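In what follows, a single structure is set out as structure tokens and then discussed.
Labels run A, B and C following the written order; every chain starts at residue 1.
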């Protein structure tokens, strides 16, 4: 248990935070910015796709295929596949941020697509028909009826992706992407276990914080008239399309 | 055979309003007792206390003289058939295995179980070879209901509890199921407690009816005819409906009446002869015109038989409604009202004329005294008359 | 990485077949052990939650929190407790299956139609008999579906155990692959992972179908 103490001590040392070449703040910033960018890019791809498939109902086979691939290929697998490609294509530029981004985006897409699709599919068709009958256009139906009703499930998917992205960003260090994972991976290598444990604590805290934040958003964003039906818990991973959690 | 002795059920402390309040009644062996009443009257609660799915707060229930508490609940239930509205067939078992559940729990021999399953499937009208290996999802609602009944009968229990068993099917199918069940009951003669909210179903199915009021009190317990003829209170009167006279008519059939002798005549018969035949039947003033195959065509008034010569078919009033001996008096009345002479022709299955019935005779039957379950005769009336 | 190296070096695959097989074996072993243990524990927890419904939320909360922790971090954090051994890996992997399986089993059991339960009670099933002969069989399809998800997830997670020296297919992907700039190893590792996941999924799907002949029956 004294390893724990060492980890805490390492975290407590302000010098470790501000070290310009390998400081905690630096790595933390790398971690957060990588995660955020990946989530953003993935969202820009996955959400419209999910909305389209969910609204029109076409492409269910494609969705299932995406979900299955997403679940079967491990996160390190993505990194491992993308890395040689970016390296070959961009040389030094293909190190670090780029392969990490691509891999993380690939991992973040399935939960958001499948959840968005499933959420929209669960919307009562009668509501949609009522909207059409009132003269709403397709986009309006999507915006004003389907999305608000499906919001809990969609947000759950985003939450799952977010937590997963933050978690997998840890592994970016193996392709030179830095992040907090750098401390863990390097630390294991050189047997400096204080920073391994310290960084692990930090990473865990960051992931839990992400989970809680998005849960909070999820809860707040749901119309009070919708709460019935799906049983819900703060740690609800949203079931649909849950992949790995690295 | 099944007796309730001052049975009370309360939910929540001793000051809570009772769901069943001091219920006492006895159901003779082999009879169907229907518990009926508005929602909240405690009918289902009462029934469930018999197999101890609900335990009474006070009083006791006996089956064949034995207190139901004298056995472990699980054993008790294996000796009582239980049918519920949504049936509750086990989706993961075949129809055959579903029916075999209780016999298996009782450890019957495998061969005996097999025979029994096939026997019961036939009894409820499902071809064993076809249905035995199917699964509940493959069956329609009506078929599932029948399997539910077969399953309850499997271990040949003396007592059966049925909670709105036909409630979940459409009226046409319900009618058929009810009829089949009544036929079945004639063969097996089980003691049955049947719960329903539909007073017409109660009248049709019950040898006795127990009408319960909200708050769990017994309003009246008697045969359907007696209740309809003499409702014990305003509540009962309202509950059975303002058409209770007509309802009573559906309890009796044409065969319960004395038929008036018919005077069938064919075209071309001699008037004098017909007049003489007509005069021999008291109160009959119409001759029945029939065709060459003795089928009723219409009525000839005696006045149109004056004079001599062959009868004149064109003077006949058309419309001679026919009924059968098994027709309920209610349906008969409905048919007769359409006839301008207020008479109907009773025919057998080969359309041969057996006699006549009149609207008057039906009305007279309604006014005759009714025998209640305790054997006494009562004049027909309502609570108001009873108070006089 | 040598630019004029061929994309995949099949000769390497052939000459290292033994080691590849070994890694695959390690991987499978860890997956099976974790899922089986995880299932047993989740089942027990589900029984607890059934008996004491108020505990459901707390158990779910704890399992969910653990689930959110990145696997590498969890492995590391367990080291002070269980040392740098296979135990650490298995413990962490088991913990990850808990959320999926616990919730899945509870939901599956709750999905048994209430009229079936009432009929079972009324017919004279004791509580235990009713559970084993009625509720559990009916819940089986959903439980196996949960097992599928847990298994595929675990197959992916086991790759991370290479970081704490436990081998598995992750070794091929990271150690002999990415770290050495050697794509062939990466592809072999990833491919085997995917194949394993697909096979496991199909095998469990087959099991699911076998256990539930009634689910295949067509409605009228």
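Keep in mind that, in the parts below, a contact is a pair of C-beta atoms (placed from the backbone, for glycine too) under 8 Å apart; a residue touches a chain by one contact, two chains touch by 3 or more.
Note that the coordinates shown come from a computational prediction; the quantities given were computed from them, not determined experimentally.
Q: So which chains count as neighbours of both subunit A and subunit C?
A: none
Q: What chain lies closest to the overall centre, CA atoms only?
A: Here the chain at the core of the arrangement is C.
Q: Which one of the chains is farthest from subunit A, going by Cα centres?
A: B
Q: Nearest whole angstrom, what separates the Cα centre of subunit A from the Cα centre of subunit C?
A: The answer is 20 Å.
Q: Calculate how many whole Å lie between the centre of subunit B and the centre of subunit C, each centre taken as the average of the chain's C-alpha atoms.
A: One centre to the other, that is 59 Å.
Q: If you average the Cα atoms of subunit A and of subunit B to get two centres, how far apart are those centres in Å?
A: Here the centre of subunit B sits 66 Å away from the centre of subunit A.
Q: Of all the residues in subunit A, which ones touch at least 2 other chains?
A: Within subunit A, no residue contacts more than one other chain.
Q: Inside the complex, what are the residues of subunit B that reach subunit C?
A: Interface residues on the subunit B side: 51, 53, 74-79, 82, 84-94, 101-102, 105, 134-140, 148, 151-152, 161.
Q: In the complex formed with subunit A, which residues of subunit C make contact?
A: Listed in rising order, the residues are 1, 3, 57, 60-61, 63-65, 67-74, 76-77, 79-81, 96, 99-100, 149, 152-153, 155-157, 159-160, 163-164, 170, 173-174, 177-179, 181, 183, 186-187, 189-190, 193-194, 197-198, 201.
Q: In the complex, go through subunit A and note every residue touching subunit C.
A: For this pair, the touching residues of subunit A are 1-4, 68, 71-77, 79-81, 83-84, 87-88, 163, 166-168, 170-171, 174-175, 181, 184-185, 188, 193, 196-197, 199-201, 203-204, 207-208, 210-211, 233-237, 242-246.
Q: Quick one: which bits of subunit C touch subunit B in the complex? Just the residue numbers, please.
A: Within the complex, subunit C touches subunit B at residues 113, 115-126, 129, 134, 137-138, 140, 212-214, 217-220.
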